[in-house]
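The two complexes that follow have chain A in common; it is paired with chain B in the first and with chain C in the second.
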Partner chain A sequence: MTDSSVIPPSNRSPLKLTFLAPPVGYYAIFFIAPLAFLVVLGFWIVRDYQIVAEFSVGNYIDIFSQFFSRSRFGWALVQSIYVAVTTSVFAVIFCYFLAMGIVFCVPERYQRLFLVLAILPFWSSYILRLFAWQLILAQKGVLNYVLGGLGLDDPLIITNTQIGTRIGLIHYLAPILIIILYITLINVNRNLIEAARELGATRLQAFWRVIVPLSRLGLTFAFGFGVIVSFGDVLSGMLVGGGIGQSWLGSYPLYSNMIMADYNSYTNLPRTAALATVMVLIMVVMLVVAYRMADRARQRLA
Partner chain B sequence: MKSSHEPKNSDLTGPRVNRRTLLKGGAAAAGVAAAGSLTIFSRTARAADTLRVLCWPGYEEKDVIQEFEDTHGVNVEFKIYIGGEQMLQFFNQTPRGTYDNVLADAEYIRKLAAIDAVEPYNPGEVPELANYHPKFNNMHQVQAGDGMVWGTPTRFSFYAISYNSDHMSFEESGDWNSLFLPKFEGKIGIFDWYLPNMGNASLAVHPNKENPYDLTDEQLGAVRDWLLRLRPQVNMFGSGAQAIVQAMINGDVVAGMIGDLDIDLKLAGYTNMESTIPVQGGIRWQEVATLCKQSENKELALEWIKYMSQAHVQAKLAYTKAFKARGPNLKIAEHWTEEQNQLLGYYPDPNNPGQMWVETLIDRSVGRDLPVQQDEKVWIDIFNEFKTG
Partner chain C sequence: MANESASAVAGGTVADLEARGIAKRFGSVVAIERVDLDVRRGEFVAIMGPSGCGKTTLLRIIAGLERADAGTLLLRGEDIGDVPVHRRSTRLIWQDYSLFPFLNVRKNIEFGLTLRRHDKKAVRTKVEAVAELVHLDHLLSRRIGQLSGGEKQRVAIARALVTEPEILLLDEPLSSLDAHLRIKVQSELTVLQRELGISFIYVTHNQSEAFAMADRVVVMNKGVVEQTGRPAEIYNRPETHFVAEFVGANNIFEGRVSDTAAGTVVVDCSHGTVQIAGHGNRIDRGAAIELVVQADKLRRRLDGEDGLNTIRAVLKGREFTGSQVIYYLETAQGVEVKMVLQEPFTEGEGTEINSELELCWAPEDTVILGHRDARQP
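Our next item is the complex of A and B:
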């Protein structure tokens, strides 16, 4: 128990508690409670097509007994992590340079306009954007039509591959990452860049030795955010990735897709919950890693 | 906003604030969206002249239900689901008695009966059954014993081969083994659900089997081998019809164990899209109107079942905005235009005098069912192996 003398009087202020209650209640109702229910549900069983609140680790035994054989949930998980990490890397690089363009090349009075234009896709439906990508990237799509006009006869195979999945995801992530990276870059001390240049650094050296190190926290944060969101996404893998998108790992579905398929086809919500809990655990690990990376970046900046 | 030229190395908290704001905003938006899609029924608040139906899309369309509401002076409320599992979830998550009727896929009757959700009734209460194709009167999925039934079929269609006739000939489409032709490598689309696909695979391996879901372990092993052999030909697993339709239009997929998606494609002007049932047989989906055991409005619920069995109602139901299908009441053809009959197969079959093409397709097909000899998990694991293979 904490000694009450240590707590500043203001911490017991009824006003403070009143204002603290809504966010605490919000997280308890919309985050903690559903998550706890999901975890508990994974330990229940199904009898005669009905959920029975009887503790069992059978769902986890079933899942891990066929992790790399038969249903191969493990390979789907590896595919998901691989796609999430690579997507986030590409998304961060793409958005970083876009944000740099806005911060360093656009006059200050137009920067907000460019920022709004960059995040404009966020205001349209994600599913519609994915269908649009299908039309653009398909074998008989816009891209291959244009390439055909340029004399490239063999169509590029992008849809129903994990490259397609990544494109859909990057488009989804871009508005958020651009905001994160824009704020990061706009906070980079221009005096330091100018000092580096005056001391003889080339533009590239100033970029690598000044701008990138000072962006490390934002880059880390954007990367972590990108990995977690990509890992949990199911739509891009289904609509542009074709459900079983090919990557160099093989033609494995994403883990999120396996969870969806399990929910849609099996009258065993506890097993689906157990599959989802495995995913949540991986996400927690990712969050911890991202937090540590961000913390390290923050310490370096300090 | 601060000037970009000020030193602000110590103030890099902006992104965190933004992320929180974004996450909260996103969660709030998701919450609002979820709430918007919910239909919350209160058992006590409803009026006595209200009928509540849990069903697939289409039944709620005004054209379909208006006449029933006017005739009986009642209001019908619908809760729409997509997929049998979602139907079970919705049913289990509401108090018993909330729904008067559940419109279920035929194979889900077994699950609804197991949870004591439905009540059998005398098929003699539904006179229109006399106009049904005999296969729909003898569906084992709805037989409740002692001459009683669990439900009345209302709509059906097929899950066989859909194909692009620019790439697959009519002759090729008549044999499941055509899917293995080298020219179709990486060109086959699969609907991401084990039941129809494994039923079709079962028929491909065990042609014209009376119940392709009633397999010994050895027979099931042969189905597994057939699927694993097919895997290199598969380009995509579509989560729904729309994704596969789009893939067929885009040229990513030229054929698949999908079903009669060609109906909507033909209506959209894609005359090169066709579908058929191979000679080995194919799977048929069937929707069945059931009576809920805990309904407090059973008389009206039975009236709705009778209403849905009528040809002129099925003519509207099978041709809704939601999607196009077929009706088990063969008099349906009298209520459609010549064009609709052509599109949906209600025209004379030249090879079988005296019957319509749709009847030939019904004869060739078998109703979707649940695995008989194994737990459904065994079949799902095999399908997952096929998918991740």
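Our next item is the complex of A and C:
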């Protein structure tokens, strides 16, 4: 195949090709190649502690045969999805109200300052922030020290539970979600809020019946983003959630933590790759669902 | 006069809305200096003025979207100054319609009815009745994005009317429609108002809209009311310099009263003397006044015509608007003169640009404006 068959004749400008090269190269090197390597590696085998490039679905059979039993990969997956969805819900609600405060209560000239303050944590290291949360939330940490001083004798158990995982994740997600939701709310047509009030709506009714529907696209986008990022995160579950964090589902680690553990304790890299491929597939499904939801939200406003 | 009996039919004697001494400023900007407004039940009142004159602010104060800094607002005798916006029984039609894009036509119309405890069946009946009234019954399940401008307008009206308002407030509702549709909607609105029998307060900067629809026109400028009256009164008898400039196409001449004998006022203007007949008010000799002559009252003087006011001016330009021609002239003293004729001059009458014409008008077609600064503060 020649170049001309790839690009329509009318677009055969050398300038276009020049500027198309960097993004194509970028995707090829940093996205497609590693992903392809991961997927291919998952179908190889290990023989005498050596990775052998020999096609086999053995890794997948191994994973799925003990999915909810010995290895509990399945439970970890359920735990991951459960934590990701709930984290995203809380993060979106928290950030939505924060963004509402900025948009509707802060004078316009200070809004940018408030936004910067809300985003500021983003510029400190994620790992450092998680260690800080460890110090704050630990059984003998800052929070329980303060609560104890206030007369609360039983310390709150937050670290080594999925609640801790969620706190770390929400702190991680918040700056991005605040930006998404700020942009959403700043674009809500104020006339429509006034129109609703004028038709007899209380402030609360105007919120539920006008502001929320008009934020639907932004909320969907923020929620989808939150779920996918939380699902893929390893660090919060490891450092604040303690690796095998407790939730009402039980003491199951997150799936991402399980992949890390598998990577560390086994010498079977192809199997780890297969586990990761499963995760990538689930993320693709999430992405498609989120995209569909966002699309529907967009159509409602058209 | 015929106008009087017409307005007696249109506006009852019961006061619907009384606004007294309404004032409003935003920071250091005065939006409304002081406005009094009376609307009788069933009356169609147009508030007309240029942008920034405070007309929309006044409407928003009546709707409850803004609070007046001073003054009282009575709706059917009840002080509503402290009633919050969502409890008022006035309804506003927005300039951009402000329909909810995420709801279909039916859901938009029923919005105001579903905010409190309601009977679904009764809501349905009401929505369908109103939709039929404004000819929307076939569009109830449409999305807002699929509607034309005129249809959106009707949804906005239906959404307001379904809540049975005591007064309908309209904020330049026709400004986003094309000229053709505007005339049609204009007459529809008038018919609707007569049918419903409720008061309309209609804000516009467009005089033809105001004159075509309203029983009474209120002309506002810079936060005060310049003149209130029936459309014909406003048009034929402007009271202030602003109204004379804003309404119609008027010529304004400055002059000094030189004689007031025998019911005729004689005024010295820069281009010559002007006689004014039928002026009721007493006026002092020597007073500096302004005269208004409507551009369509001017015409070319024919040979041998007497008893008319005349003015000589040089033709500077002309504008053909379809139904009429506007001629722009200038006197030797530099005063601009406008003349509107229904039919253009025929060719070869000495009417080339820069030729001098002698124009005339009848003494009774001259209006004396209120003395400058004599307006009530």
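As a convention for this text, the second predicted complex is superposed on the first by the 292 of 302 C-alpha atoms of A that agree within 3 Å, B and C clash if a C-alpha of one lies under 4 Å from a C-alpha of the other, contacts with A are read in each partner's own complex, and residues count from 1 in each chain.
In this section, a residue touches a chain if its C-beta (ideal position, glycine included) is under 8 Å from a C-beta of that chain, and two chains touch if they have at least 3 such contacts.
Values in this document were obtained by computation on a predicted structure and should not be read as measured data.
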Partner chain(s) touched by A:V210 [first = chain B, second = chain C, both, neither]: second
Which superposed partner A:V106 touches (first chain B, second chain C, both, neither): neither
Touching partner for A:L301 - first (chain B), second (chain C), both, neither: both
Contacts of A:I119 with chain B and chain C, given as first, second, both or neither: neither
Partner chain(s) touched by A:E198 [first = chain B, second = chain C, both, neither]: second
Partner chain(s) touched by A:I183 [first = chain B, second = chain C, both, neither]: first
Contacts of A:A76 with chain B and chain C, given as first, second, both or neither: first
First, second, both or neither for A:L269, with chain B first and chain C second: first
Partner chain(s) touched by A:L156 [first = chain B, second = chain C, both, neither]: neither
Superposition-derived comparison: chain B or chain C, residues of chain A touched: B
Contact residues common to both interfaces of chain A (with chain B and with chain C): 189, 191-192, 214, 301-302
Residue numbers on chain B that touch chain A, as the complex places them: 1-12, 14-16, 18-19, 22, 27, 31, 83, 85-86, 88-89, 92, 111, 114-115, 192-195, 234-239, 243, 246-247, 250-252, 376-377, 380-385, 387-388
Residues of chain C that touch chain A when the two form their complex: 63-65, 85-87, 91-92, 94, 96, 98-103, 111-112, 115-116, 143, 145, 159-160, 163
Chain A residues within the chain B interface of the complex: 30, 48-51, 62, 66, 70-73, 75-76, 103, 108, 112, 131, 134-135, 138-141, 159-160, 176, 179-180, 183-184, 186-187, 189-192, 214, 217-218, 221-222, 225, 238-239, 242-244, 252-253, 257-258, 260-269, 298, 301-302
Residues of chain A touching chain C in the complex: 189, 191-192, 194-202, 205, 209-210, 213-214, 216, 300-302
